[in-house]
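Naming follows writing order (A, B, C and D), and every chain is counted from residue 1.
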Amino acid sequence: MVTTIQEVYLENKDTKTFLFRYPVKIKPGQFFMIWIPDVDEIPLSCSYIDDTIKGITFRRIGDATKKLFELEIGDKIGVRGPYGNGFNIEDGKILFIGGGTGIITLTPAVEEARNKGIDTTVIIGVKTEEELIFEERLKETGSKIYITTDDGSKGYKGFASDLAYKLLSREKFSSIITCGPELMMKKIMDIRNDIPMQASLERYMKCGIGLCGHCVIGKGLRVCIDGPVFNHQKLEHIKDFGLYRRDASGRKIFFK
Amino acid sequence: MVTTIQEVYLENKDTKTFLFRYPVKIKPGQFFMIWIPDVDEIPLSCSYIDDTIKGITFRRIGDATKKLFELEIGDKIGVRGPYGNGFNIEDGKILFIGGGTGIITLTPAVEEARNKGIDTTVIIGVKTEEELIFEERLKETGSKIYITTDDGSKGYKGFASDLAYKLLSREKFSSIITCGPELMMKKIMDIRNDIPMQASLERYMKCGIGLCGHCVIGKGLRVCIDGPVFNHQKLEHIKDFGLYRRDASGRKIFFK
Amino acid sequence: MIDISTNIASLKLENPTILASGILDETAGSMISILENGAAAVVTKSIGLKPRKGYPNPTIIELEYGILNAMGLPNPGIKEYREEIIEVKRNGGIIIGSIFGSTPEEFISLAEKMESYGVNALELNLSCPHASGYGLEVGQDRKLVKTIVEEVKNSVHIPVFAKISSNLSDISSIAKAIIDGDADGIVAINTVKAMTIDLELQKPILSNKIGGYSGRAIKPIGVRCVYEITEEYSIPVIGVGGIVSGEDALEYIMAGASAVEIGSGIYYRGVDIFKKICREIESWMELHNYRNIKDLIGVAH
Amino acid sequence: MIDISTNIASLKLENPTILASGILDETAGSMISILENGAAAVVTKSIGLKPRKGYPNPTIIELEYGILNAMGLPNPGIKEYREEIIEVKRNGGIIIGSIFGSTPEEFISLAEKMESYGVNALELNLSCPHASGYGLEVGQDRKLVKTIVEEVKNSVHIPVFAKISSNLSDISSIAKAIIDGDADGIVAINTVKAMTIDLELQKPILSNKIGGYSGRAIKPIGVRCVYEITEEYSIPVIGVGGIVSGEDALEYIMAGASAVEIGSGIYYRGVDIFKKICREIESWMELHNYRNIKDLIGVAH
C-alpha cells in the first residue's frame, strides 16, 4: 500500500520519525517493509502505534535512509506489513535494554507494558549524547530511565550491557527485552542470570514474507516470520547469533 | 464439480432421471450444465430438488443425451450451476402448460407452488401416450391435471395450446407458466388474454455464465443469465421469440 | 470536467472501454446492449470465411482466479455475420471487426468484406491460443505476421490493429513485425495458454484439452506485455486481460495503453461493467487531480 | 499401505514433493528445516560463478492471486555456497543443485563444482524471466539449450534436469532440444513474466520493473506445460507452479509429472506444506482406492 507522510519529526540530527495513515492492528516489535521509490525497500520497526496512524523512526546511514530523510509531509512511501511476531509482554518487572537505533523498536513495547501497569526499567545506550532519542517519550511512560553513553557525555559512561550487568546484580527482574547491536544482545544473553529474555534481531530482508530465505538464521528460522523477536531458548540454539549475518548476496559477514 | 449418479429412473422408453448429490439451493426453472465426459456438455433443468440431492431428467435425442442415457448408478458426470433465474411463483391460481420435455422443467415449479398452497392446473402436452412422463408425480401434488396428445392416444386430442385456450376462456387464472416448443409458447402468448405469463426458453448454450454470447436473444438478453425464464413484458420485446434460434456456429435457424 | 475520451490511431473513443472479442458479440442485439452499457466500442467475435461450430462443449470453465476457454472460434462465417454488423452500425455504435485466417489472402478477403459492411476498424486475431492453423500459430511467425498486416493495410482504408499473445518467447520481435507491416495499433493480450484437469474424471475438462486463461489472474501478464511494447515502440496499444475495475484499467493505461478491452470482467461485474469502470476511472482522476486521461497514458515508464 | 514414493530418472524420492529453487534455500539451516518438514528433496537457489547481490528491493510483492518477484539471482557464488551443500549432505538430505550461466563453459564449471560438493542431481536454470543474459534469455535459444545440456551431461555423472519457462512460443521445440541434449528430466515451469504498477506512485513496484509471477494464479499455465511436454515426449517431468494443496499436486501428476516442486505455496500454508501435501495426496488416494502414486502419473492423457 502506498501512503502519504502526514507528520515529520526530527528526533536528532540523523533520525526522523514519519507518521502516516495505516489502519491495521500492530504489536510492538513488528515491522514494515518501507518502499522508498526509485531507491530501495527496507525493514523498519513500527515506532508509533495508534489505531489509524502508525509511525516509523529511522537513522540515516545509507542510500535508502538518506533518501527517506529527505522526504517531506505529503510525499508518498510504500508500506507493506506489519510483518514478524512482535514482543510478548507479560506481567512482572521488565528490564528493557536498547542499544543505538534499537530503542526505536523497544519504545512502543515499553508504552504497552506501562499501559498494562507493568513495572518497567529502560536502559538507553548510545555512543554520545547527541544520538539520544525518545528520552522524553520514555520518561512520559513513567518508566525508570537510565542512559549510557560510550563517551560519558550523558548518564553512565560505558556500554548498555555494562550497566545492565550492574542492575541485574542488585535488582530482581522477571524478564529482559532487548534490541540493539547483536554483540550487545549476545553479551546480555551471557549475563542474564537465567532471567527470561527476548531479543529483536536484524537481518538483511528482501521479501519480508518468509519466502526468499535471505533472513534465515540457525536451523531455518526466518527472522521476518519466526522473528524478529526470539526468546533465550531459541537464541541458545541459533549458532549464527552474535557470530555472523549475511549480505545481500547471502555471503556471511562476521560480527566484530 | 464431478458427482456420482446415485439413482436412475426410466421415465419412458427415451427418458431417464438421474439423482446425485449436489448440496446447493436451487429455484425451480434453474438449470445445470451437465458434462458427459468425452462427448459434450449440455444444459438440463433441475428436475428434482432436495437439500442435498438433485435430479435431471432428459430425453435421448442426440449424441450427448444418448450417451447420458447409457450411464448407470456409480458413473460420474460433471455438474456446473445452478444457472439462470428460475420461475417466480406467486400466490393465485396458476396454469402450467408443458409441451414435450418442457414438463421436466415445470414439475419442480408445480411442486413448489403446491407446497405454498397455490391452486395449480397443469396441462401436459405430448405427441402420443407413450411419451408421457411425470403424470404420477404431478398427480401427487394434488394439481388438476389435463393431458393432451396429438394423436388422441390419451386425454384431449390436440395441442396443449388448444386446450389452454379452452381453459382460459372458461376459468380465471392469475398467471400462466409454460415450457415447451417455442411455437407453442408463442401461441400461448397470443391467447393469454392479458394474463401474466412466464415462459422458459431454450437456446444453444456454451458457457452458461453469460460470457460467450451464444444464447443471446433480443437486445442482449442472455438466456443463461437473464433467463431462461422470461415474463410476457420481456417476451413482447424479443423479436427472435418464436422466430429463430441459433446453431452452434451462431447462424440463425428459423422455427417452422 | 474530467475528460476520459481517448484515441487509437484515427479512432476516437468517448471513453477508454471496449468490449473484447469473443465475449457477448455474437449478435447485434448483444453488441448494442454492451454499447448501451457504456462501452465506447465493441469488437466483434473473430470471424472467418466459413461458418464454424467451434469445439464441442465443455468450451469454458470457471477457475478460482480466472476463466478458461477453448471455444474453437465458432462463428457464422463472414457472409452471415454481415447483418449483425449492419444492425449495430444502424444503431450508431463504433464496431471493430475481428478476423482470423491462416493466410494473407484469407485475411484480405475478410478485411475487405468487413470494411464494406461498415466496421470502423479491424482487429487481426494473431493470438487465439487454441485453434490449430489459426491465431497464435500464425501470430508467432514473424514474417507471416508482417505480410498479413502489410497486405491487409494495403487493402483497406480503416485502421488496422493486430492482437497478440503473451505466449511468445520474444514479444518485441512480433511487435516489430506488426509495426513494420504498418499497423495502426497493437492489442495485447489474448488469453494465456493453460489447462485444468478434473481429478475425479482424470481428464482435462475442456473438450479441446488446452485452452486460454482470462480474467483476474492474468492482469499482471497483460500489463507486462503492454509495458514491454510501449517501452520500446511508440505505436498505440490497447490493453486487455483481467480488467475488472477502474483501477485495473488505469494500471494498463499507466503501462502505456491508450484504451482497454474488457471481456471476462463481465462475469465478475455484469454487463454494466463498462459504465462502472468509467465511473471508477473518473473518481480516481478527480481524487488525484487529473482532468484528462491522456495525461495518464504511459506515465509508469 | 499407500506408496507415494517416486523416481525421476535415477533419483529416488520418498514422496513427490521437492522445494523449488529460490525459496528458502539460501542457507543449509533453511534447507535442512524444509527436509524435516517433509520435502523429499530440496533444490538450491540458482548459483552462479560469482557472488551477486541481486536487484535492489522491492524484489518481491504479494499480488491478489500470486506472488511477483525479481530477485535478480542473488547468490553468494559457487565457492561460498559449497559449505551450505556440504552441511545439507552431512544431514543426509537429497539436494539438487540449481545453476545459471550464460555460456556452456559457465554451466560446465558450475556443474562440476556442484557434483564435487555432493549434490544428487543438477537443475539447469534456463528460465529465470528477469535476469538479463541468463535464464530465459538463454533458454529460448534452441541450439544453445541443446549445447548446454549436452556439455553438462558429458561433464558429470549425476542426473541433469533442465528447468524451462512457460514464456516460449514453442515449448515443444525447446523440450526437444533438451531431450536431444540427453537431459534426464525437465522441470516446468519457472515464474511467468509479469508486472504490477502502483497507481499512487505511477511506477512498476519491482525495482527491476518486470518480474516473475508465481503462486496460485499460474497453476493452469504450469499444468498445461507439463501436459504438452509429456503428451509429446516420454522424458520425466517435474511439475512446478502454484501448487498449494495435495489436489494441486495430483493435478500436475495426472498431467504427467513424476514429482512436483513447491515454492510460493509456503507463503500460503507455511513451511510444513510438504507434510500437509503428502497427507492430502495419501488421503485422496485412499478415498479413490489407489495404492501407488505411480499409477496416477500421466493418467489424464
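Details
Throughout what follows, contacts are C-beta pairs under 8 Å (C-beta built on N, C-alpha and C of every residue); 3 or more make two chains touch, one makes a residue touch a chain.
Worth saying up front: this structure is predicted, and the values here are computed from it rather than measured.
Common neighbours of chain B and chain D, listed by label, are C. Comparing mean CA positions across the assembly, the chain most remote from chain D is B.
Computed from the mean C-alpha positions, the centre of chain B lies at a distance of 36 Å from the centre of chain C. Chain geometry summary: the mean Cα position of chain A and that of chain C are 51 Å apart. The mean-CA centres of chain A and chain B are about 69 angstrom from one another, to the nearest whole unit. Touching of two or more other chains is recorded for no residue of chain B. Contacts with at least two other chains are made by residues 203 of chain D. If each chain is drawn as a node and touching chains are joined, the picture is a simple open line.
Pairs of chains in mutual contact: A-D, B-C, C-D. Considering their complex, residues 2, 33, 35, 37-42, 76, 78, 80, 206-214, 216-222, 246-252 of chain A touch chain D. On the chain D side of its complex with chain A, the touching residues are 22-27, 29-34, 36, 45, 51-54, 56-62, 67, 69, 71, 74-77, 80-81, 198, 200-201, 203, 205, 207, 263-264, 266-267, 271. Residues of chain D touching chain C in their complex: 63-66, 68, 136, 140, 166-170, 192-197, 199, 202-204, 209-210, 213, 216-218, 220-221, 223-224, 227-228, 247, 250-251, 254-255, 284, 296, 299-300.
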